[in-house]
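Here the structure is laid out as structure tokens; the discussion comes afterwards.
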Amino acid sequence: MTLDLLILAAADGFSYAGLLFLVSLGLTLIFGVQGILNVAHGSLYAFGGYTAATLAIWATEKQAPTWVLLAALVAAALLVGVVLGGILEIGLLRRVQDKDPVLQLLVTFAAFLIFEDLQRLIWGVSPYSSTEVVSRMGNLDLFGITYTVYQLLLIPAVALAVYLGLLYALRRTRLGKQIVAVTHNREVATALGINAKKIGLITFIAGAFLGALGGAMAAPTTSLVPGVGTDMIVLSFSVVATAGLGQITGAFITALLIGMARSLAVYTAPELEVAVPYLIMVAVLLVRPNGLFTVAQARRI
Amino acid sequence: MKGISRRNWISRVGAIAAGVSLLFSVSAFAQGAKPAELKIGITTFTSGPASVFGVPAKAAAEQWIEETNAAGGINGVKITPVFIDEGLGGDKLLTEYRRVVQEQGVKLMLSAISSGNCNIIAPVAEDLKVLNVMWDCGTEKVLEDRRFKYVVRTQANAVTEMVATVVYLLKTKPDFKTIAVVNQDYAWGRDSWEIFRNTLLALKPDVKVVAELFPKFGAPDFSTEISRLQALKPDVILSTSWGGDLDTFVRQAGQRGLFKTSQFVLPLAESSAERLGSALPEGVIIGGRGDHYFLHPEYKNDAKHKAFVEKFRAKTKSYPIYPVYHMVAALQAVSDAHGKAIKANKGQWPTTEQLADAMHGLDFKGLTRPVHIREDGQGLEDQLLGMTKNQPGYAFPVMENMMLIPADLVTTPVGLKSPEWVKTVKPELLKNDRIKVFK
Amino acid sequence: MGVLIRTERLSLNFGGVIAADNIDFSLEEGERLAVIGQNGAGKTTFINICTGFLKPTGGRVWFDGKDVTGMEPRHIVRLGLGRSFQLPQLFLDHTVRQCLEISAAARSGKLSFLLPLARSVDAREIDHTLELVGLRDRSHELASSLPEGQRKLLDVAMALMLNPKLLIMDEPTSGVASEDKHDLMATLMRALDERKVTSWFVEHDVDIVSRYATRVAAWIAGKVAADGPPAEVLASEAVRREILGTA
Amino acid sequence: MARLYDIRVMTVLGSLLCLILGLAFPWSKTPIIVGLCFGIATLGVAAMVRAGQVSFGHAMYACIAGYTVAFLARAWPQLDGLLLILAGVGASLLAGAIVGVFVVRYRGIFFGMLNLAISMVLFSVIGKFYTLTGGTDGLRINRPTLLGFEFERAGFETVLLIGTLAAAIGLGFLVQRYFQSASGEALAGIKTNETRLEYLGLSARRVLWNGYFFSAGLVGLSGALFAMVQGLVTPDMGSWLRSGEFVFIAILGGSGHAIGAFLGAAVFELVKLFAAAYMTGVWQLLLGVTLIFVILVAPEGIIGLLMKKSALATRRGG
């Protein structure tokens, strides 16, 4: 393996890892606070993508400047995060809060099935896309290979900014500290006067927003087709489980690892490309049963 | 934890049984005499990625049937279509197929778009003794591996399509040394490349294949594949992909300037052109799996064709793509076969067996050039390819430098196996004067 | 009467916190030991190490003559050590009777696959145990529906079903209304006497300790600070000051 | 005992319904066999659910058995169908035994995710090694002989229907016996208290491994039968969505009694059939709504609801 190859793989891997990270971050955040692995997270990704493309197509027709196109992506993610995230949390998850975790998981699976069909009813089955913003942001050459600025710089930058911003928010802001408290111990946090219900809703919406943002950021580079969320959800599962549930920095590193490994696989062992994330996950879990970044805690008896 | 009374149970189960049998309602059908209506079962994708083909084809079927019924139907019998969604997956499709045949008594099926589904359906149709017209799928294996009595295909197969593509490439851009392929990782992507490569190497042995990339079906991102292609700089890049995969690949390749360094060959891009619009550059070799195009050089001013295109556009807001033509061809073939069989049957309505016989050896004409169905059930459909060019009046590039390649030149002869035959193709083929070039 | 359990220089320290500090301890067959000590003194930790739930960082444990240091709890249990818990460890989705049946079935070490559980154990024995701990009339209710005191009893009964040589009970009366504590202990002791089980229980109530124990060990900061007959230990200076707070 | 009697009535009536429908409407044989296959697979998944574990990867055992059948049938076309099915089950049991050793160390989400990951590796490998496995289009299986007899499609399906039904009844009975045995109750104990299991001298991993081994075999059998009736195996048999459907059916039917698996499968197939016939394009939506409805109204599944109702009826003297 040469250095060139590593750099090339990194250039492609970062962009992919960035998207993967955004989605996984949403998933892991929700898990941390609610203790729910949200299968419908893939649908949030898909809805984010479709909504972003819809807004971007409309903005492109109106000859909007580039920053408006970019703002449209974020606006789409916000819209999806608040609306769908809110519906899911208030309408569904709260009703099963006290039920068996298996049932909670299954409820999100049911929501996923419903969203799959809704998405088809709304946007139809033809590939859907709006790539204007990528073309406008231009290209960049690296070792004689042309990259788009959007994929090479913008997506990784957004992912990094979200990562750093979230770390800051969790450590320094009041709301962030409350979220951390609820993550550590819901009962204790409630006893301290934190409104765990409200924190749960806010986190869920934030997580949903991140999932949708992943989709929105991916939208200008890809064609949206029915089922885009399905692949993303299993991939982000593997990131979250490999990293350790609720591990933000872990998700960041794991997403990078998987993104790079996947790019390298395309160069060196294309047959393994699809299996790579799962191979990594199996390998990690066999060695560290709670994920790379989780410290196991003994149960008190 | 004790029991519900037994009677309660029995009545409950009885109610369920009644409900179920309602769902399973049967309709009787008579044999022999002219039927009150002709039910045609049509499998097409209305969900899943291949609905980019299935949905327009369904619209075409509805349009054709409506027109035909308005004109009296097939020999005075009105047609009722029964649509089945192929997007349910092989097992559910099979169940639905059998339900339509065995419960609704449909004796004539148009199936399928997906090659995988054709492979599943063909032996079942033969078992059920129902005429199955493969109206869009490309796999050549199904008719080569076994002789069917009730299964025919009204259009070309993958061999015809790929050999014709090689011919077009070699006639227009003869001087290239390297080629790379980026195909979807499933049967069509793999098989079409196998045929293309063997044909190409038979006609031009010095070509070097520098990369064979098979990203997974439905992949949302080809960044790494594109980087690798940029590093390799092949003279020609082939992709037989379609739908969202092709759209994404073309867009990402375009954004990163890959079209500037390599000649692209996209044999199915006719079906993506209108969606891609300006994202599809000029100078790309494209085709539409057969002899059809709304700007067909021989038929663009043909009254019947022109009327069809206009009506279709008015109905669906888009130009017809190849599955639309395939659907019309299949329906036309079925209609003509009825005529032929009735004639042979002295004016009596034919049995399914007689109809199946009539399909073999049938000559029919859909919207473009006539098609002949061989004794093995394989249709001989000529192939039209061209190069993209922007023209005033169209928001997307259309074909120019079109070439029509007669099917019999590029199709495996009856009884031979394609993998062997394509290796025996001779360079003289390129000089055949029946290949018609339109400037 | 031989030594049933013995530890030698047993110690455990998690990241600087010393939870067990070189404990040398032994218990003879037939004894009934009460362990007292403040919360966090290391009483439960010591039980956890002896029963294999925690691995010691130093020292050894022998049970019934065998070195069981570092063994999994289930292997030590199979040697004849039963345990009940401060927080009862029950099969909450099973009925009271099923909980005991599973215990009884587990005793043989081989669980049947096709024989119904109830038929694979001796029903009279289950009935007897239910009777003994006073759960007979609740036997078909779910374990999760029991009040705390009865959960404790069921927890002990499950351990008892194994016919252990030694039964360790971690705070059997905690969470039980104080007026019921004596009844509960009386019931338990009757059951233990009947089966001649050596026992060791953690207890905070001095009354109960002095009434039911034959020996008392006082834990202070991960060490056995005093060990001997109840009257002597309860009267000792350190115990009164550090544990009973009556000095 | 009255409840058991009811379940016997349900089993007899359900079986008769399957046979009568299958013989009266030949097309319905396939969906009925497929439904029974889903039921058999769900028996296995329900065992895991009883232990409180949800596997999003169990469909891999159907896939393993199915491909074993396909590979053997293609290599030795003269092999009898019964032998193929047994070989398929054997392969899935073997795989389950090996994978089980690793996955029984995990609980909850990690159990689910590790199973998912392993099944995804298998899924993508089958999809990739096109020349061996036929890629995503899968492999066709020609109709083998059954017990030495050659059948036309109709006869073949009838024999399969009867065989599958018999297997479903027999396995349903055996699995219910297992659920009620000491091993089965200990398995359910994993859900509520592993510490207690350990302090009863039992290895929770061993108990779970037993359950996992059986469940792999059951899902494998369903896969082998599925492959036979379809004459086709595809990687989709092992996709995580299929695994999710098994869990879905297990919850729908309830894991209180083995028959729940078949009740769940029946509802699942009916919803799918109904949607395919009348509401094409929204079958997932229908399934999702059904599932949410069941979870909110009857978290113990259909069988739980029936048991509760029958308990009520008894109390009222019904």
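First chain written, first letter: the chains are A, B, C and D, and each begins at residue 1.
Throughout what follows, a contact is a pair of C-beta atoms (placed from the backbone, for glycine too) under 8 Å apart; a residue touches a chain by one contact, two chains touch by 3 or more.
On a predicted model such as this, the values are computed, not experimentally measured, just so you know.
Taking each chain's centre as the mean of its CA atoms, C is the chain most distant from chain D. The innermost chain, defined by the distance from its C-alpha mean to the mean of all protein C-alpha atoms, is D. Centre to centre, using the average C-alpha position, chain A and chain B are separated by 37 Å. Chain B and chain C have centres, each the mean of its CA atoms, that are 75 Å apart. Per-chain Cα centroids separate chain A from chain C by 48 Å.
Inter-chain centre distance (chain A to chain D, centres taken as mean C-alpha positions): 32 Å. The set of chain D residues that touch two or more partner chains comprises 124, 127-128, 195, 281, 283. Residues of chain C found to touch two or more other chains are 85, 89. Residue positions of chain A with contacts to 2 or more other chains are 120, 274, 301.
Looking at the complex, you find that chain D touches chain C at residues 174, 177-178, 180-186, 188-189, 191-193, 195-203, 207, 210.
Across the complex, chain D is touched by residues 51, 72-75, 77-78, 82-83, 85, 89-94, 98, 101-103, 105-107, 109, 111-117, 120-121, 158-159, 162 of chain C. Here chain D touches chain A in the complex through residues 49, 52, 54, 102, 105-106, 108-110, 112-114, 116-118, 120-121, 124-125, 127-129, 195, 240-241, 244, 247-248, 251, 281-285, 287-289, 291-292, 295-296, 299, going by the rule given at the top. Across the interface of their complex, chain D is touched by residues 1-6, 8-10, 13, 16-17, 20-21, 23-24, 26, 46-47, 85, 88-92, 94-96, 98-99, 101-103, 115-116, 119-120, 123-124, 127-128, 185-187, 190, 214, 216-217 of chain B. Contact residues on chain A toward chain D in their complex (touch as defined above): 31, 37, 39, 92, 95-96, 99-103, 105-107, 109-114, 116-118, 120-121, 230, 234, 237-238, 241, 245, 271-272, 274-275, 278-279, 281-282, 285-286, 289-291, 299, 301.
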